[in-house]
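Okay, here's the structure, questions in a sec.
Letters A, B, C and D name the chains as they come in the text, with residue numbers starting at 1 for each one.
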Amino acid sequence: MSGQKMEFPITWGMVIDIDKCTGCGACMASCQTENNVEPQREASNKLRSTSWMTVYELTNGKSFPDHDIAYLPRPCQQCGNPPCVSVCPVIATEKNENGGIVSQVYPRCIGCRYCVAACPYHVRYFGWFDPVWPEGMQKTLSPLTSVRPRGVVEKCTFCHHRWTLAKDAARANGKDPDNLDDGAYVTTCVQNCPSGALAFGDLKNPKHKVHELIKSPYAYRLLERLGTDTQVYYISRREWVRKLGDNYLKSE
Amino acid sequence: MSIIESEKNWYPEGVERCSLGKFLKWLAFLGIVAGYGFVAMIVCFVYGLGVTGLDNYFGFGLWITFDLAVIALGAGAFFTGLLRYIIRIDELKNIINLTVIKGFICYSGAMLILSLDVGQPIRSWFGYWHPNVHSMLTEVIFCITCYLLVLIIEYVPLILEQKQINKIPYLHNLAHQMHVVMPLFAGIGAFLSTFHQGSLGGMYGVMFARPYAFRDGFFIWPWTFFLFVLSAIATGPCMTVLICGFMEKVTGRKLTTYRIKSLMCKIGGTMLLIYTVFKYLDTWAWINNVLPRAGMTFDQMFYGLVYGRWLFVCELVLCLLVPVVFLLTPLRKKPVFMYSGAILACAGVVINRYVFTVQALAIPVLPFTKWEIYTPNWAEWATSLMVIAYGFIIMSLSYRYLPIFPQEVGLNKK
Amino acid sequence: MGLDRRAFLGLVAGGAVGTMFTPIPWKFIDDASIWTQNWSWIPRVPKGQIDYVGTSSKLCPACEGLKIMRVAGNPVSAGGNPDHPLSRGGVSALARSEVYMLYSPARIKSPMKRSGKTFAPITWEQALIEMAEKLGAAKGSVAAISGDGTGTVNEVLSALVGKLGSAGCFMMPTEATSAAKGIKLMGGQGQAGYDFENADAVLVLGADLFETWGTSTRNRKAFGATRPAGAKPASTYIYVGPTRNNTASVCDQWIPAGAADFGIVALGIAWHLLKAGATSNAPGFDTFKAVVNGGFGPEDVKRATGIAPDVLAGIAKTLASAKAPLVVTGSPFGQGLGAAPFIAGMSLNMLLGRINKPGGVYMLPELAAVVPGAMSRAALLDGDLPAFLKGVEAGKTPAPKALLVYDANPAYGLPESATMAKALEKIPFKVSFSSFMDETAALCDLVLPNSLPLERYDDVATPYGSGFCIYSLVRPIQKPIHDTKTTGDVLLALARKLSIELKFDNFQQVLKEKVAGLAKASGGFVAKDVMPWQVAAGKPAPALVGGDLWKALETGFAWTMVGQVAQTGMGFASEVVAKAVKAGKAPAVAATLAPYSQLRTGTPATGIPCQDLTTVPDTELVGDTTFVRLNSETAKALGLKKGQTVKLSAAGVDCQAKVHIFESVMTGMVSAPLGFGHTAFDYFSQGKGANYLSLMTVAEEPGSGMSMWIASEVKIA
Amino acid sequence: MEEKRSNSAGGVGGMVLCALIGFVGALVVGWVIFPKLLYSEKTQPIRFSHTVHAQLGIDCEQCHHLGPDGRFAGLPTTESCAECHGEETGETTANGKEIDKFVKDYVKTGVQVPWLVYQYQPDNVFFSHAAHRGFECTKCHLDVAKMDTPPAYYENRLSGYSKNTMKMWECERCHASMGTSNACYVCHK
């Protein structure tokens, strides 16, 4: 069933300031290339295209001129209690001690898509066809992420390969790989965001900025009441934006 | 001896069959349908599942619905086996063979579709080698494959009883021995089958982030676990009766007595009544507990035509209450009520499996997402049709050459 | 002994059982599954030592400094350079494409010559000979168009064209065009630079500050820095424009106003400021005051724009009470603004005393030119390309005999594109130096592919919008993948062939000379620990550390200078404003086209970068159809429904679109995305949607005489 | 059919005998012939002698070193080999000829040598040499330092991987014994 919350000494988390996101898509573009997602010619079919990071457009549902919009970048929420992990029949996806990152291992995945069905955030993508790059473009593939064949499920990994690099760098410099400085490991979307709307760090480490950010009264998470206990936090000073993070009954 | 004459030697003792030419034409027709599906299957294997109508919103679609429906309707086999061999309702021996073949067709067909539905079929064995004991799907994989083996074991003696094959003493003996141990397999089968019917339901019930499907439950099993078992054993016997009736219609011969069919329907109806009670309780708890906890309302669960409220009404009223009345009251004595009751019951379970598979995924759980529509495409339809055609082929061959219906000779004496 | 059936069966059975006790089936099953993770048709990732090298983005108009990740010496991805003032680690979706665009299917692989309707590859030598011959014959009537707003290559191009006998040397119209014209009309000197980092209240009139306007990545970094997550913002941003676009979505306030009305809004605010006692000793203040008081009172503005008087008063109050207010005027789609709205906006800055002040507008000096005979940037920006081409099309201006097009795509990226294409057709000999097979290259007689920024030496000098002078280098990180050359080199070689003296043999020399000049400029420094806006705010500028500036620039650092041109006669240019800005009753127009542009759909010169197609939402493009946005009231008035396919007509052109009901668009406006509807490039751009820029009609702005196309009426059916 | 049944008495024994033959035959095929068929044998493009280099006093780390960022440099590039072997020797010894072959085919053309890596791990595996610094190289790698001729490389015809590639269970066993995490993302990417 729904499993229990796991505690990790390191809990990597992202804090996204919606009030700063202009919806430009730089995070998505960064993610695509960092993680070797193929360029998709028919990317306008959003139900078929792969974008580990996706920017949603939020509206307050009112008419002009009271209408308001906001953009919500959505990486994998790295749930503390992931709906997708317990359902996997072959342990291709796990929530283990790795900083609380929900792993997804492609050579183990059989492509049953049960996790795709279980995830309410739509962060899981299936390889419908073998990936194809325009001639020569495979030379620009990132060496840090493997290319997935068709038929397996993939998702945002919080660029965990950058963590392994950061740990290696710490080891080489005689530092503690399990106590990285703030900023030693950040995801590509966080690094490249032109607005600085995204922050990343160890939620449990008081030396990391995000540790404080998640305590903001404006911080909230998506679908909290389902008990997914996500590690991605959003911040907005706008109440209607916060309200769109979850479902509420009229009486609430 | 011409082929046409010698072919007749293979018929069961004392029965009549249509001409070989007619039979071959029938097979050819089925073969074309199956062949079309086979091409679709190869296309899926070679190019990947992108050729289907599935997408990242609807990872599960027609195939899973088809599998679940077929497996539910195929449940007649284990349940009738249970009643015949364990509970010893002896009368059922007259229809048990049919249920075994139906079960075999349904399960092997479902397996075929499943192997298509996984993105990496070559890795399917990981389900055994690297099982995740927490996953309901692991339970399904284990139980379905094991149960398919049981069904094969149950089907083999039927083949061995074929007039010509049975002449070989060794095989004759083997068939006999297998019949002796059949209660054991019936028992194993009943156990396995109950479990995977349940875990198929459990697969949906555990999706706690999908309010449409999520259910609380008993120990590790959500209520859907038990509901799926109940709905399967309720509709399985009805499906057997429908198949039997259909075969009688097609062949123009009486295969079992109305009494047997009526008994099966009564059993199915009784189970359907139990199911109805639990399903109503479950629905009530879902509307008043599961949904509000998720911050959602009953009204939010329906949209447009394909996910409309009419499905809900159909499933819970037209296909539950009505068939219960038709199957458990004296109305059953009239074929029209009995058959339509059975049809409705089966339709109800198909709707149930559809809404759990597709509607559950179509509902926007994130408040800023919207309803999405899923339409299966030719590749999914063709392969599903292939399995149906395959079932018809197996059933046609079995009927023509195997002594399935013990009463057939007696009932058709002129 | 014959093998009978039993023996055979035994053999088979024994063999089968035996096989189960061998590795064969198990190894086979295992290896087969391992094979599925090693399919030969799935590309392997590159292996080797990873390192990072610095350069600057040239494809992206925001000119971010980049850190290029390399594997075994080959570039694999582009990230923002945290040390670069225009990036600070940020990168746009377009700048991110710098690496993979090397392998874009749209790239031109070798020099090509038109033969009939198609092209045939030729050698560089043949191309030079051909070009020298044709240009020699066209002497006295050679025109050039450049789309590079920041490169020193413009010096080479303009000097060459000048010496060949220029028929006009033009820049593609951008925000910089309107600004340069405005400054000129105001009698000012220098390039307007905006110090967002030190501003605490920013009024944005139309400019899509955080998407396409100027140094947009830097703008956003500056914005973000004053907006700590979850805390009270240290700045106020107010956006005035026809839609709540990407910029407006994060601003504190969005004030709906038509793109043609920015001047009126500015003067309406000026009315409040003047009323509150604002004054200025700049020339023309009295006339300005008279103009404002004479027709831009709150009621006048309301009548013309629909903006309520208290809203306007509120803005004025916000600006007046801020420590460092700043007004930025621009076009919501980056072009066609005209000079008057810019002047009106700048007048507010002058009223607020914000010229050459921290957090205000700096009048930045142009970096010294090095190529003899080169035109200054101000002179280049003074050319009016749409007017010129329209004149050619109408036969009013003689068509030049030859045209050189550098890094520009006028056949696609100009308004009234049907007219512009006709004008281009009248020019008998055209050469494109494009890297990609764009719409203009497809029209040209010679296509001489420019190497991409990662394959060539190039530079970025103070892009428009930057609040400080800045210079960074672009340097080759990889050998040209195809048979391409740096256009600067090609132009210099051409000059030699034509016996024109341009002082330099190759383009790298030009850049070296440019850098050598910078090293001598006083006040310049390499931004490392101290950033230019800190210097503007009072921190002492570090000395330019002796040594090799070239080397520092090559590593990816930027030379910057907080400089300003002392203004001698910058005035209000009220006569222009008075003629161009009139707060009359808004004409009854059923639908006004309000285009918007986004970096993720590239520039006219790049097309849509293939990976960025994924970032385009399905409210903008579905299949091959683009969406236009209008609010439900407009839709109702026009009788349109959600999802309906419509035809937009204007300027003698029809465009198809689907209707997207979007309430953050002003009533009466039809918001349309630019960057789609390419007929050239590759399958990531070609045939995707329509080019709504072609619907924009060019008009002459009263007072300035400048071409403008900020808003056009459009028919929808 | 009648005829076959008649010699059933002798047939049963024959059947058992044949079954035995089949069983043993299968074992032979499975254990002896199959492994030979499964792997193709390949030799290194250049007969690099680790012994010769070791005898010259060159440390392993001189060519196979960790970078300052903790990333493993792996095999030396053609350029670093060319620091010593930049020119053809013209010698007629076997070693001299091999050096000349290297210079001619790779140094002059600027091509990297397609060395066959015995421990080749697929793209989906991340291995941190920095994290394993405390171990002897030979714990996982072939002890080539004492080899004059590099050993043959066996490639699995089906999976395409080297025979020597460490399987996941081997990594996991060691991690388990060391008390190190076996979480997926420790090694997978």
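Please note the rule applied: a residue touches a chain if its C-beta (ideal position, glycine included) is under 8 Å from a C-beta of that chain, and two chains touch if they have at least 3 such contacts.
Keep in mind the model is a prediction, meaning the values are calculated, not measured.
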By C-alpha centroids, what is the most central chain here?
A
Tally the contacting C-beta pairs at the A-D interface and at the B-C interface, and name the larger one.
A-D
Can you give the whole-Å distance between the Cα centres of chain A and chain D?
37
Can you work out the whole-Å distance between the CA centroids of chain B and chain C?
61
Centroid from C-alpha atoms only, then distance chain B to chain D, rounded to Å. What do you get?
50
Give, as an integer number of Å, the spacing between the C-alpha centres of chain B and chain A.
40
For chain C, residues contacting two or more additional chains:
32, 34-37, 44-45, 47-48, 50
Please list all residues of chain B that touch 2 or more other chains.
120, 123, 126
Residues of chain A that touch two or more other chains sit at 45, 50, 57, 59, 106-108, 130, 144-147, 149, 151
Which two-chain combinations qualify as touching?
A-B, A-C, A-D, B-C, C-D
In the complex, chain D residues that touch chain C
4, 7-8, 11-12, 14-27, 29-31, 34-35, 38, 67, 69, 71, 73-74, 77, 112, 122-124, 156, 158-161
Spell out the residues on chain C that touch chain A in their complex, using ranges where they run on.
34, 36-37, 39, 41-48, 50, 62, 69, 71, 74-77, 79-80, 89-93, 96-97, 99-100, 102-105, 210-211, 216-217, 220-221, 223-225, 227, 229-231, 244, 246-247, 249-250, 256, 481, 598-600, 609-619, 621-623, 631-633, 663-667, 682-684
Of all residues in chain C, those that touch chain B in their complex
29, 32-33, 35-36
Quick check on the complex: what are the chain A residues that touch chain C?
15, 17, 19-26, 28-30, 32-34, 36-37, 39-46, 49-51, 55, 57, 59, 62-65, 67-71, 106-107, 130-131, 133-149, 151, 188, 191-197, 199, 213, 216-219, 235, 237
Show me the residue ranges of chain D that touch chain A in the complex, using the header's touch definition.
66-71, 122-124, 126, 128, 130-131, 133, 181, 183-186, 188-189
